[in-house]
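Here's the structure, in structure tokens; my notes come after.
Letters A, B, C and D mark the chains as written, and numbering starts fresh at 1 in each.
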């Protein structure tokens, strides 16, 4: 039996920091939180056994200060650092600095992070390892002519992608030769200005693609397994917002093929720990390597619910030198799980962030419902970071039951205060016939969501609503509040947002 | 496909009413709550689609008024009535009245309720069906001489049990012939005064028994299955307080044998719906039929978590005439689940009820945690009913993980106000070496729990505690509060209780 | 004694008469039909409401006379105006707050990516005026009213703090 | 300016000196050692407290000078007395409220199952005096102090309401 860590520092914040703290507590390991000025009262600080201040609110001056994070670990006697997702999670330099300080980085080796971090190199490497990649340029391109040559070979439409891009940035769709000149110039300049790396490459455009990923796990003894797929096609602003496992699109044969390919991809970079191999799938169920995320994903709970494996505890165990406690054959999917990411954002205003203070919050619970939250009632969703409130996860014996439970849980979920949430958006998705049939691709939200609620009230509800309003008026007096002008809206705010904000002002 | 109900009335309150409402909502069925004067603001009223007032606070004048419950169902157009547990759940007359009103009773046929309701008849019936029963009298006894004859046949110690008893009442342990006369007289008189039925019977006393039960389910088409066992030996005041599934005591062979016997028991009374066959097991893993509960049990969630089956939704589906959607062979146990019943009661004062208003409540969540609650922050736990606050349920891949998660969740759980909870008691159990080893019987709590907390604070925690106290004093002023005398404690109250109560007075 | 309100429900006006029969029980008359309604507060701005056996659970978010009433079924916008008060506020319509010069302020810290207007420009209601990057996302800021740009206080590349005035529209 | 308190921590007395260095940062001296402590309110009676990098999350339940401070690790009982105030309250010890006649009251509605004492009996502290059945459970009610039973107001079989005086002990 290997020695387990006594204390772990979590170089992150929000729900993932709380998630890792919980894993530590269940393993009898003490947790060290770090926090910026904006996070003194945050849930991860409250829940951790230790907490160290690491700087001002902007992440670049606190959560992304390598030396401060490592100093905090050394000072509190932490033996290992868990990076969560985002921040330092895919930063090879940080992983090396942690190792150089005599600590354990809970993640893959720096070399694997690095090799998967460069998208063009990763493409080459995967193609060489026999992993299917989207047809395109073998490496980066420099000139319009090179691009045109590739385009003529693979055919339009094509995608121009910045080598250092990601999250939907640094990408251009080129429909035909006519647009090529302008778009090459545009992507090259954006790549340079946004990422400081002007390189780009070309891939054939896959129409109506599904985004499907495979969870992999490897230990230090050469065991590499996959924990099946996650369906992540529901995206807004090129960011995932609802995930599920299994995918309603994946057949048993496709599942096995994707799993084998994902394991191959991980082995090709001598991977250790939790990782995710992302694929694009076309309508014919061809799938192509997109990228590998060398960290725990936001959407890991859906895999946990269908496999029964606690991925975060397993990350810690593997980092401490333990072998995987199961073989591929012992893993199985049971039932169906869905995750809704609940954000402080305004779906009726292009999903723009709308953080603020949570005045009241009633979380759902009961059968099949899990919540991974990073906030509490009375907490502030800070404006400086990703405005996630919590992840709402539902499990069912089959997809229909999982959706029914999610719908039920969303209806129970109430939150109010100086912020807007995307709960109504999730309620809308859970009632869409195409979603219920499992027929959607990455363009679904853009094509079908208009921001309108669409639900109609029954008559007694209207009466009751008037009464609730009248009760409030008669209890609190009929004084009119100050007009709205003093906080003139700067974007097209929803009524929710405006009212929420103003409501909070008078408390 | 059979026709599903459009609307169901739930003839209950608290967490089980909320649990049934959730099942209805997930099935697209409207729910009708009933409430007494004490429950107007209760969670089940808030969560239901309809709510009907049925009388004053005492259950006998509201929840137990057959005609009012049935009137409420007819008036709101409910087609079926779910009785929950307690109240009308094992009342054959109520089941008949429901049927006579043209409604469906979501539970077994009245005849099965009746045959299992009489303990002596049930014993006879089970013995005849080949179900092992504790050695004892074949039927009820009348005189001391009859008792002595049985005792001489089966040997001391013996248990005298009132035929109509239950929940630990109407039972006497007779260690030897010398005590027989007095104890026969005592149990006969208690049986008469408490249950209005002076009959009693004799069973051999099983020392250090385990209380293990098997969940069964049957449909209207002759399919009867079991969903494995629950371990319910942890009891205080002869009432279960912590349950788990599987049982750490049960071997695969014993599990199969118990399951088969339980199915046999259910078939013997032509059972339909969800039921539980309770067994006593001795240290040699002999098991004996104790009784059959002809309803859903409080502890049903542990079975749901290990089998993946939603028992309440299945009750509704079977009552609507659907067949069981699985066979015995398709059922399997996965992982381990534990349930802690969180009560408003004072463990340091003999677990006496200590209901009151919940001022603040922070519920745990995260991986493997489920909460079935009947209250919300700001709600009152009424003094008139069972003072359960919620059920905290943890799932893990194995027993160790389930316990670790339960311990973690208990540590996250905070509740304060004008009530006392048994959270500290659960925290204590989850750290007991014998419990961790699975070595306990129904006498465990009585033998090992002293009411002392036993946890020691570290030094920095003491400093921090002083500071938190000082902060509160400096913020709220140093005015001493009125002395305690005006609410003189009537039982040996814990500090928690006293402080909690007084604290609430000044708000 | 019943109180009369002029109520607007999802944009449609009604006369409503509300009478407290006894604590928490109200009689409400709407379009000549009376209903008895049981209102139970269950939190600072939460109410359990029973009407004809139907149970509703509402969070009410109030902005003066206007209220957003949120329930499981969705949200209803309700305006309640006491006619005796209304005369005093005559002319104070919904858009009064948008008359006169308005400062468009930053709702969160960010970086100005693009300024789409210049001083002197006429802009329409909801026309885009600025692009701000915040939290890795670009947000187009739209004009809250039709008017003329009288001042542009920011330039592309500049970082701004929450609440900072960006543009003034007259 | 530091404030001195006499503090009792789980029954042991200490002198403690507390100084606010700046909002939410306190210096605390206990047994001649000083510690800087960061206190952040996170709810009406909840606090996040950092001491030497350790993080604690407390709910504080206050009863005058006495506080029950509850955290993940367990509960600590803290008494804080300002010595300048203490002289005024001299003699007001912990048990003052139990002097004189005390009414033992019903904590919940129930039925009297048994009365274990009669008028004139001497009872010890914590001696059982009554058995009450409430919510299907029998509860033995114990004497809150040593004394003499001056009045028994109930008899077996009688039902009682919450708050009803059952017995008076002198």
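Throughout what follows, a contact is a pair of C-beta atoms (placed from the backbone, for glycine too) under 8 Å apart; a residue touches a chain by one contact, two chains touch by 3 or more.
Computed from a predicted structure; not experimentally measured.
More contacting C-beta pairs link the chains of A-C than the other of the two pairs A-D and A-C.
Centroid distances from chain A, each centroid being the mean of CA atoms, peak for D. With centres defined as mean CA coordinates, chain D is found 48 Å away from chain C. Distance between chain B and chain D, defined via averaged C-alpha coordinates, is recorded as 32 Å. Across the assembly, chain B contributes 47, 376-377, 411-412 as residues in contact with two or more other chains.
Residues of chain C found to touch two or more other chains are 43, 54. Contacts from chain A toward chain B in the complex involve residues 18-19, 22-23, 25-28, 47, 301, 304, 308-310, 312, 334-335, 362-363, 365-373, 376-377, 397, 401, 404-405, 407-408, 411-412. Within the complex formed with chain A, the residues of chain C that make contact are 3, 5, 7, 9, 16, 18, 20, 26, 28, 30, 35, 37, 39, 41, 43-47, 49, 51-52, 54, 56, 58-78, 80, 82, 85, 89, 96-98, 100, 102-109, 126, 134-137, 139-142, 144, 162, 166. Chain D makes touch with chain A in their complex at residues 38, 40, 42-43, 48, 50, 53-55, 57.
Interface residues of chain A, counted against chain C in their complex, comprise 167, 237, 350, 352-355, 360, 383-387, 411-412, 414, 416, 424, 453, 455-458, 460-476, 478, 480-481, 483-485, 487-492, 495-496, 498-500, 502-503.
Within the complex formed with chain D, the residues of chain A that make contact are 32-33, 40-41, 45-52, 75-76, 376, 378-379.
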